[in-house]
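Two complexes come next, and they have one chain in common, subunit A, joined by subunit B in the first and subunit C in the second.
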Partner chain A sequence: MIDFVQNCFDGVMLGSSYALLAIGFTLIFGVMRRLNLSYGPSIMLGAFVGTLVFLEFRAGGLAVAAATVVGAVLVGIYVERLCFWAIRQGAAVASMVSSFAIWMQLEEVVTIAFPDRTYPFPPLTRTEPMDFGPFFFKVENLIMFACAVALTLGLHLLLYRTRFGLRIRAVAENPDAARYMGINIAAVTFLAFACASAIGGIAGYLIVAQDGQITPLFGLWATFKGLIAMMLGGMGSIPGAILGGLLLGVVEAQNIWYLGTEYRDLCAYALLFVFLVFRPGGMFGHTLAERERLALRRV
Partner chain B sequence: MLEVRGIVTSYGKIEALRGVDLSVEEGRITCLLGPNGAGKTTLMMTIAGILNPSRGSIGFDGVELVGLTPSRVVRQGIALVPENRLVFPDMNVRENLLAGAFLRLAGERAEVDRDLDRMFDRFPRLRERAEQNAGTLSGGEQQMLAVARALMARPRLLLMDEPSLGLAPLMVEEIFRIIRDLHRDGTSIFLVEQNAHMALQVAHRFFLLEQGRVTFDGTPGELAEDEVIQRAYLGSRANG
Partner chain C sequence: MDDHLVGVLSNIGMISFIALSAYLLLIVGEISFGQQAFFAISAYASGIATAMWGWDFWPGLAWGAAVAAAAAVLVGIPTLRIRGLYFSIATLAFAEMVRLVFEVFKYQVEIDGEMVGPDGSDGFRDIRYIFENDITAVEYMLMIYGLLAAVLCAFFLLERSRLGSIFRMIGQDPVLAQMQGIDVTAYKILALGMAGLVAGIGGGLYAHLTTFVEPKIFNVMLGVHSLAYGLIGGLGTAFGPLIGVAIDIGFLESIRAISGYRMIAFGGLVAVLLIFRPRGLLDEAAVNWIRLRLRRRHA
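Presenting the complex of A and B:
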């Protein structure tokens, strides 16, 4: 029983990083109704910028974090301009395919610039794990969890208390109506993308700093984890992204403990499959038909 | 107030508007009738700056609207109540109204809050449901919200695209009562409507749009006397 509870704690902390990745995904999907497969790889490239700063200048944690976030945002903007801004509205599949092409390009760039594949990344902290009764916690896990909570609260305030948030939500709910109110869709899309990339950059930094190393494969990993967590929660829903991330984290943590690390990803895919079959809209998602019905009541 | 001259708007190779001329007078209710697919909504979207016409001009109190972005058109003083209402279903009523005043939020927040209060006075049902999500409102309430949301931009000209569409008869009466009230308070209204019977009771001038062209222009009296229109839009009831 203690093992099970300990796994749940570990899973929630692991899941909080998945939740951040899923929030970035869902923010972009919510505003554009398009999938950005390059989300993970752009974070990966940001992390390599962080590594570069670390190796070249022996920079401390904060500078590496800043470099990672700035790198992720710049690459995110590059992806937005190429795959989403340049490809007109309504061509959602073209956007998705081109974001896949850019993914390959980003990986190429990294393997050429960093030929050794695996590079060191400065760890978050070297503090020993802490005990609470029968449970123990890694300090870097606690930091990650705290950052995820703070970021989520900040995003909530941004979305529900500011003019910028009103704009993002209006576009996410009905881009046509938002345009009639005089809201500039292209500008909102750009800012939402930058915002999602910044969240992804922070999440990426926390995850990579835990691993203590970075490889070009991190892009694939981040896209998969974020995508699965978003699908579990419901595309376009932020509470869904949080819950989906936590659920994925807990399921993985239990699996690692009871079945072994080698089954970790297999179980994540199985969980996704079960959801896609039985609840394709995710835990919080409205299907498009449901949204239409809500927005146009007959009586 | 609004002068539409020779507007041609196309979707790819198909011309939806093929040279539309009409005018809207200040302080009046002007009604655009026409069958489905005539181009009524296309015209509304062209005026609002959503669609770009390939030819023609739209003058609004001397300002050329063709080529302006939708937000510039809103700033000029034109707001649209879109077809099918298009409320934001997961935002509450208050947020929907604030979104309508979006362009004014940065500079005149206090004014916007006063307008919000005024809107709640005009539509008490919306005040009761201020914190409720728009998706939970009834169809009629959603239409009220769509009208109030457009008014939050403080338009001098209100464009309304089929506000009675899909509403129960009692609710249709209510919407037309609102249109009359708005007119009495000095708002100029350009209304697209398929319900000619109701429109006859409020509008001062009619245009008929058919296959992308204006084929009739006249007063309610002239409209009611026109035999073709009678048969197509008013049915037998107008003969009695």
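Presenting the complex of A and C:
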């Protein structure tokens, strides 16, 4: 029983990193109704910029974090211009495929620029794990969890308490109506994309700092974990992204404990597959697919 | 012919099968990121048949392709009710599940004092049928192209048949097709089964050429490439995906000076083409134009 509870705690901690990744993903999907598969690789490229700053200038944690975020935002802007802005309205699938192609490109850029594959990254903290009664926690995990909560609150305030947030929600709700209200849709989606990339950069910094190293495989990992967490919660929903991330974390932690690490990813994909088949809208999402199915059945 | 050229040509031939299978799904308007799963299933199934059960090559290949087609139909039944982005992500999840299952799949028998068979992440060695039966590289290449020609003929017959028109109609407008009394989901499952069969032929050929398959070859990148071939070459004719393969493997991978930057060029090419020619180089309009020119010359 204690094992089970400890696994749940570990899962929530692990899941907070997934939730962080999923928030940025879901923000892009919520505003554009398009999926950015290059999201993970752009964070990865940002983290490599952070590593470069760390290795070249022996910079401290804050400078590395800033470099990571700036790198992720710049790459995010490149992806937005090429795969989203330039592709005509309504072609959501073309954008998805295009961002997938750019993913390959980004990964190749990193392997050419950083040929050693594994690079050090400054760790978040060197404090020993803390224990509370029979349970114990790593300090990095607690920091990550706190950051996830803080970022969510910040994003919530941005979306519901500012004029910019109002514009984002208007575009997400109905782009045509938003245009008639004089909202510059291209500008709003661009800024929302940059915001999501910045959130991704923060998430990426925390995760990579916890690992203490970065490899080009991080892009794949980040895209898949963020995607699965977002899909479980429901695409476009921020509370859904957080709950999906935590659910995925808890399931994985139990899995590692009871079945072993070989089955960790297999189980995550199986969970995604089952959710897609039986509840494509996720736990919180709108049931877009169901609505479409109903419309088809009616004709 | 020199060995390098034979190798490149054989590769082009084999990859063409998986490109054609992704193309068939593009015709019915679905994007699959998971065709590598059927390629992998057949590579293992046909390898097991010839190397472990002592079957001949052709029955082994047919068995592998049949297993892949059956798997495709089984996947299609739950997933083709969901559409668009959701279907793409479901195929991605399925393909990764297949790859991870092969990472833990162990099934070995003793043949002539040696253990033969799939050994988890170490892969499946010694699929030596073509060496034991003295089939030369050139002969095997001719076998690949013979099969490819047969599959291409089948595609051209399909394009001229009623089934082909139904597929194109579903791809253009599924709601309209439904209104004509066409069972859209059933035809999509049929298309996925046929695509699984085509990918399966390629997978069986691949396993016997390389004599060694390991799960990590069948990763997402193979799936994205196979999808991108159709999108580059064009969706107007079955020659489209072949042009895509020729550009990628024949040109980018085989010329040393650019092969280091292959992914950068290829990813960029896909992204740019999706902006300017969303249905590829040889799209329906281009094919019609060529047909018209040819007819005029004969008249």
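Note that in this section the second predicted complex is superposed on the first by the 288 of 299 C-alpha atoms of A that agree within 3 Å, B and C clash if a C-alpha of one lies under 4 Å from a C-alpha of the other, contacts with A are read in each partner's own complex, and residues count from 1 in each chain.
Note that a contact is a pair of C-beta atoms (placed from the backbone, for glycine too) under 8 Å apart; a residue touches a chain by one contact, two chains touch by 3 or more.
Owing to the predicted nature of the structure, the values given are computational and were not obtained by experimental measurement.
Look at A:91: by the touch rule set out above, it reaches subunit C but stays clear of subunit B.
Counted by residues of subunit A touched, the larger count belongs to C, out of subunit B and subunit C.
Contact with subunit B, but none with subunit C, is seen for A:169 once the two complexes are overlaid on the shared chain. In the superposition on chain A, contact is made by A:270 with subunit C only, not with subunit B. By the touch criterion defined above, A:184 lies against subunit B but remains apart from subunit C after alignment on the C-alpha atoms of chain A. Overlap of the subunit B and subunit C interfaces on subunit A: residues 295-296, 299.
Taken in their complex, subunit C has these residues touching subunit A: 31, 33, 78-79, 81-86, 88-90, 93-94, 96-97, 100-101, 103-104, 174-175, 178-179, 184, 220-221, 224, 227-228, 231, 260-264, 266-268, 270-271, 274-275, 278. Listing the residues of subunit B that touch subunit A in their complex gives 48, 50, 69-71, 73-75, 79-80, 82, 84-91, 95, 98-100, 102-103, 105-106, 134-140, 142, 149-150, 153, 166, 168. The touching residues of subunit A, when paired with subunit B in their complex, are 163, 166-167, 169-170, 173-174, 176-184, 291, 294-299. Taken together, the subunit A residues at the contact with subunit C in this complex read 35, 82-83, 86-88, 91-94, 96-98, 100-109, 112, 220, 224, 227, 231, 235, 262-263, 265-266, 269-270, 272-273, 276-277, 280, 289, 292-293, 295-296, 299.
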